[in-house]
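Paired with chain B in one complex and with chain C in the other, chain A is shared by the two complexes that follow.
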Partner chain A sequence: MNKKTKAITLNTLAILGFYTLVSIMILTGTLNNYLSNILITVLITIIMTASLNVTTGLLGQLALGHAGFMAIGAYTSALFTKSMAMDFGWSLPLSLVLGGITTALFGMLIGIPALRLQGDYLAIITLGFGEIIRVVIENLSFTGGAAGLTRITRMTRAFSEDRALSSAIQFTIVFFITALIIASIFTLGRSRHGRAIISIRENAIAAEATGIPTTRYKLLAFTIAAFFAGIAGGLFAHQTSILNAKMFGFNKSIEYLVMVVLGGMGSITGSVVASVVLVSLPELLRGMAEYRLIIYSLLLIMMMLFRPAGLLGTREFSMLAFWERLEAVWHRVFRREAKTQMPFQPRYDVWDEKPVLQTHQLGIAFGGLKAAEKINIELMNDEIVGLIGPNGAGKTTVFNLLTGVYAPTEGQVILMGKQVQGKQTHQITVDGIARTFQNIRLFKSMSALDNIKVAFHSRMRYSPLSAIIRDSKCLSEERGIDIRARELLRVFEMEALADVPAGSLPYGMQRKLEICRALASNPKVLLLDEPAAGMNPSETAELMETIKTIRSQFSVAILLIEHDMRLVMGICERIYVLNYGRIIAHGLPEEIRNNPEVITAYLGQEQAQKEAEHAQGT
Partner chain B sequence: MNLFLNQLINGLHVGSIYALIALGYTMVYGIVKLINFAHGDILMIGAYTAVVTLVSLNWSAPAALLAAILACVLFGVLIERVAYKPLRKSPRISSLITAIGVSMLLQNTALLIFGAQSRPFPTVLHVAPLRFLGLQVSFITVLTVLVSAALMIILQVFVKASKAGKAMRAASEDYNTAQLMGINVNTTITLTFAIGCALAGIGAYLYVMAYPAVSPTMGSLPGLKAFIAAVLGGIGVIPGAMLGGFVMGIAESLTKAYISTTMSDAVVYGILILVLLVKPTGLIGSLSREKV
Partner chain C sequence: MKKRSLFSLLVAVALILSAVVPVLAEDVIKIGGIGVLSGDYGKYGLAVREGVDLYIKQINAAGGVLGKQVEVIWEDTQGDPAFAISAYNKLVEQDGVVGIIGGVLSGESKALAEVSAEDGVPQITPSSTAYDVTTDRPNVFRTCFLDPFQGNAIANYMAQQGVKKVAVLYDNATEYSEGLYQAFKAKSDAEGVEIVATEAAPYGERDYKTQLTTIKNAGPEAVFLPYYGADAAMVLAQAKEIGLDVRFFGADGISDIVDLVTDKSLLTSLVYTDHFTTDAQSEKAVAFVKAFEAEYGKLPSISFSATGYDAILVLLSAIEAAGSTDKDDVVAAIKATDVSAVSGNITFDDHNDPIKSAFLLTFDAEGNKQFLDQVDP
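On to the complex of A and B.
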């Protein structure tokens, strides 16, 4: 038995062992009703916290209305079981699914407008929605109004006359639903979808420029979180048997948020641990009821002061390894070992027709200010072209226009014969324009390898559902891009750094990684925004070699902004000069070097004249 | 019509208290980007100080007001130094959770000391209601609106014209640059908390004059509402807090009069959501776009 299978066995045994032990304790009455009820509360809290961690930890958006989602699930589920004349064994699971779906729909409905906002404003708007849900429930008649719902079937009573047996069945249901949800969040988190969601947290602009449809993924994360919260609500309703809108107020949402942060944002196991601790802690302190909440709040403050990143930070406990191993066993047992295939073909036929990228009278005005106008640029296949100009000339603005970060107010961008202006950044990236940024925008806490994998996103096809069950499609695609991403790192001699978080790489490496990531989206045109900024002469020389290698190996056209004239003159075949948002000159490096207008733009009128006189004199 | 005007005046009354509290949120947010969840509980501290000094110690009303302001400032500054300052460089959510912890701590400590039952606040002003245009307006209402308006004007002038005010504005843009210009950022932040809490102290006094019941959790709701008001107006902007407070107060009292008492919260949040969707930075907040 190798180490891996041993670990799987151990973990499986631990989970099943815990389950068996607790079940026996409930059946024999060792774990009385009070304690087993707390246990159920812990499990439901785990679902709530872990699902909130999807929005707050993985997506990085602060949400303050999670209890509202729980309320929707709870009421939907309770109303369903109350009104259906069905055996509880059937109506409960149906009601949970229904509660989950209804909540997910609400999540989507709220998410569509709300996710346009960011940061604290999103937090406030979710707070608002959460409170509205509560108030509306309080004022509707079919939800029982302010009095709430009562006499909802209790899971502890429903399954058997024997209280202990019924209790054990309740535990079984809640335990395995919780385990399933946690596992789904894990597998999803480690798939292309999870990477897309995390990349938004790390740097939304870069995610968009790497081809991630950020709005869709924000909505997906939000909806998934709502779905799970709805299920937790349904379980909660059938645990307590009474529902009251006041149970789902702002304070409840805050409670879950506290757990997410204490466990560590983005760490699902952290959420599990925090839920266990924070639900049982007040119970343990029940002996000193008066000081209970004071101690609790002091611990909270201390915890934040001394471990601001939470218990586990963004790290995960070995559960993760466990699940990976479990599915490995799954594939071994059922011989579903996926064939490793290379699902990626180069997307583009060789583009011989010229030019690959072309702009016509491109321009943008901010209010009355024309930041760029009448920009006409042409880029041939495999060409390296420079875009230079004094500070504030509008160079980065041109990049932003080409990549759809700004929507042009006039003119066209034509990529391989097709107009792309007006499209969203991620669509343009997928169409074939990739870029780097002047101020490096990496997904800092993701590994170098994962940074590149994010850029492969648009070329992968498997769905969130296959990500959750990790079917063969998902596995083969993941295996494929793992190989490709490592190959790419090898080209840049960075394969040894694959697992290092991008944020801890040295500066030069970060620049390289950003280029590497841009290439991973398989562009036809690569835009480099000041690639040599902050580099010393030898690093710059190395960079020049790298850029030439890129052009030949990846067959891309490169347009680069740079102030380092040695680099520009050394590798650019043609140069455009920009000043005050207009192209003032265009030609071969030699022509640009001697163009009087360019010299004036860089040195000013007077200085340029002096230079000219000086040149004549010699 | 009279009902409408009366409700409008009621709305202005509540609204100006919200506005005073909202200023504390907005100033603190403007400079440290922290939603200070404990701010509502500062209000509670002010109210307890006032009731204890007035009733148990038999102080005069102005002395009690002064005591309330001082207590609020003291607590506010203490909380900032002990709980928030060490976290200034941590992720913002850590300080948010700390603020929640501080809020819980204050509430539960008050619960331990004063008990859960609310204490009545004595009548400190015996002035007959004012009459004009056939309306009867309580003196407290007039006083509250005037005091708040005056305080806000003073604050606005202070922030725009004084040296300390400039330091605040500079620090809220960029700590490091402000420091390079010779501004003591720590002192500036402390001053911001102190001013915000002093306003909360005055707000507390005005609040319990209108709603004479003091309890450990009394600060949560007005705190939350004031915070919403700050966001509604545009958080970080002083006139925004004022505008947001008035809009909130008036919307709330009109809903209570014409639609339903229980739905008033939903209407207020609804307005907030609509405003944010149309203008994501609040009524008069300005947009800062991330530069690419």
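On to the complex of A and C.
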């Protein structure tokens, strides 16, 4: 038995063992109603914190209205079971699903406008949303208004006349729903969708440039979090039997946020641990009456002082391993060994004759300021072309125009015969333009390998649902991508660093990894923004070789911005010179070196004035 | 390392054991007290507790109930109904209490009623005035009057005083305030008192001048203010600032206003309904005020001390009458209650509500409560 199987067996046994033990304790009455009720509260809290962790931890957006989502789920679910003349065994699961879906719809509704904003602004919008939900519920008549809803069927008594049995059934339902949700968040987090969500947290601009439709993924994360919160709300309603809008106020949202922070942003197991601790702590401290609030607060402060990143930071307990193990068994038993697919096929026609990338009178004006105008650039297949110019000439602006970060106000960008201007960055990336950034934008806390995998996103097809259940489609694509990503790293001699977090790589390696990531999206045109910035001469020399290798191995046209003239003159076949947003010269390196206009642009005003005087004089 | 993990294991086992070991039968009758004891509404719960504890002290000194001493175990809900349920479970399952005094706020009481009704455990709330707390709950009683009753009483009194035009300032997002408003509106319509302005502002708003200005412009002779003391205190001060010089009428929740107003003369314009008055002349009431003062060194200024005292009195008298702590017997005995208590004679109607009087009180310029009138059902 190897180490992995051992860990997996332990996990499985722990989960099933815990369930069996608790069930027996409830059935025999060892765990009385009081304790089992606390246990249910813990489980519901786990769903709430883990789902909030999807938005706050994984997506990295501060959301302050999570209790509002819980309220929607709770009311929907309670109103359903109250109004349906149906056996509770049927109406409960239906109501939970309905509560989840309704909440998810609201999540989407809020998300569409709100997620255009970030950070503090999103926090304030979600805060406002949570309060609106509360006030609306307080003022509607079918939600019971200020008095709230009462007499909702309670799970502890609904299933059987025998209290212990009914209690045990309640535990079974809530326990497995919680386990299922946690497992879903785990598997989703480790899939291409999870990587896309995490990459947004790490660097939204880079994520978009790597081909991730960021708005859609923000919305997905938000909706999933809302869905799970809705289910938790439904369970809560049928645990307490009484609902009141005041239960879901701002304080409740903050309570869940505190748990997420305490457990560690981004760590789902951290959320679980924090929920257990923070729910049971007040109960354990009941005996201390007046002092318990003080002790509770002091413990919180101390935990934050000594473990500022939360109990678990971003580390996880290995549930995934357990899941994979189950699958391996499944495949062995049913002999459904899925063939590894390698969805890495060049998709492009050969563009030998015509330019791969062409711009036509491209320009952009910010109000009255023309940052770039009449830019005409052509890139042939496999060509290395330089784009130079003094500081502030508009070089990065051109890159931003080409990649759709800015929408051009005039002109066209033609990629392999098709106009791409006006498209969103991630679409253009998928169409075949990839880039690196002047100041490195890696997904720092993700491993080097995962950085590459994010860029493979657009070439994978499996759905979020496949990701959650980890079906054969998902697995084979993931396996294929793993092989391809490692191959790519091998080309750049970084294979050994695959599992190192990108942020802790040496500077030169980070530059390389960024290029590597850009190539992973299978571009036809690669834009490099000052790749040699901050490199010493020997590193620059190495970089020149790398760029040449890329061109020959990946059959890609390269446009690079660079100030290091040795590099530019050394590898560029043609050069465009930009000044004040216009192309002032274009030609072979030797021609550029001797072009008087270029010299003027570079040597500055003094020289330019002299030349002007000289011209007047004659 | 090994030693340490063994130690934590032992601690964990000890914790679990201490939690699950059933309480051994002792020669004590245990009662659970549940209510908000901290936070904004904490003073209402604390007032109840003072009343209850006083009675327990007296009865234990007099030999207890059924020859046993009585102990009340208090649990704070922080005003959260979910905590109330958790507290109930703890008290009933863990501590083995035979009856519940509580909750203090209507939300708590409803949540408690939800669970206590399933077990049939006798529950008496000293302060939840919302109508449906006891509806279809044969085991749930109260020792206070109801919102519809005090809403009626106030509208009636206004009509008697010749008030023709009245304005209302209430919190439409709170059940207590909303319930009082509805009852008041129905009765004032019937009595021919015209409501010239209806303004809503949530508790804790702190600035009520906008609403008060609108009210002032409507020109009422009186304002009905179903608020708690803290907010009402601000309303009175701000009304004076903007020159709204009319009479104010409140309900039982306003009774704690005295300590919250700096300018006590403001209080002379306020009339409110209360469960109890320290001026009450009955033998029980006089004795209660005297004992309370001796015990705590102050007057029972929040009337929930009196209704709390009555609640535990009713519960323990019923246990004595039933001759056991069997819950069904005790519930039956409570239902048959006919005792003269501190806040009046208590008998229960079909809805488990006490049939008892309300007192209309006002204040003198020093902030002392003044008895105005007694309203009988």
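Some observations on this one:
The definition used in the following text is that the second predicted complex is superposed on the first by the 594 of 618 C-alpha atoms of A that agree within 3 Å, B and C clash if a C-alpha of one lies under 4 Å from a C-alpha of the other, contacts with A are read in each partner's own complex, and residues count from 1 in each chain.
Convention: a residue touches a chain if its C-beta (ideal position, glycine included) is under 8 Å from a C-beta of that chain, and two chains touch if they have at least 3 such contacts.
What you see is a predicted model, and the numbers here were worked out from it, not measured in a lab.
By the document's definition of touching, of the two partners only chain B reaches A:Tyr296; chain C does not.
In the superposition on chain A, A:Glu138 makes contact with both chain B and chain C. In the superposition on chain A, contact of A:Leu284 is made with chain C only, not with chain B.
Of the two partner chains placed around the shared chain by superposition, chain C is the only one that A:Thr150 touches, whereas chain B remains out of contact. Contacts of A:Ile182 after superposition on the shared chain: neither chain B nor chain C is touched. Contacts of A:Asn37 after superposition: chain C is touched, whereas chain B is not reached. Ranked by how many residues of chain A each touches, chain B and chain C are led by B. By the touch criterion defined above, A:Leu305 reaches chain B but does not reach chain C.
In the three-chain superposition model, chain A touches both chain B and chain C at residues 135, 138-139, 146, 290, 293.
Residues of chain A that touch chain C in their complex: 30-35, 37-38, 41, 135, 138-139, 145-148, 150-151, 154, 157, 240-242, 244-247, 283-284, 286, 289-290, 293. Chain B meets chain A in the complex at residues 29, 33, 35, 83, 86-87, 90-91, 93-98, 100-102, 104-105, 108-109, 111-112, 224, 228, 231, 235, 260, 262-263, 265-266, 269-270, 272-273, 276-277, 280-281, 290, 292.
Chain C meets chain A in the complex at residues 15, 19-20, 38, 74-76, 80-82, 85-86, 89-90, 92-94, 106-107, 110-111, 114-115, 118, 130, 132, 172-175, 177-179. Residues of chain A that touch chain B in their complex: 56, 62, 113-114, 116-118, 120-121, 123-125, 127-129, 131-132, 135-136, 138-139, 146, 205, 250, 254, 257-258, 261-262, 265, 290-291, 293-294, 296-298, 300-301, 304-305, 308-309, 396, 400, 405, 437.
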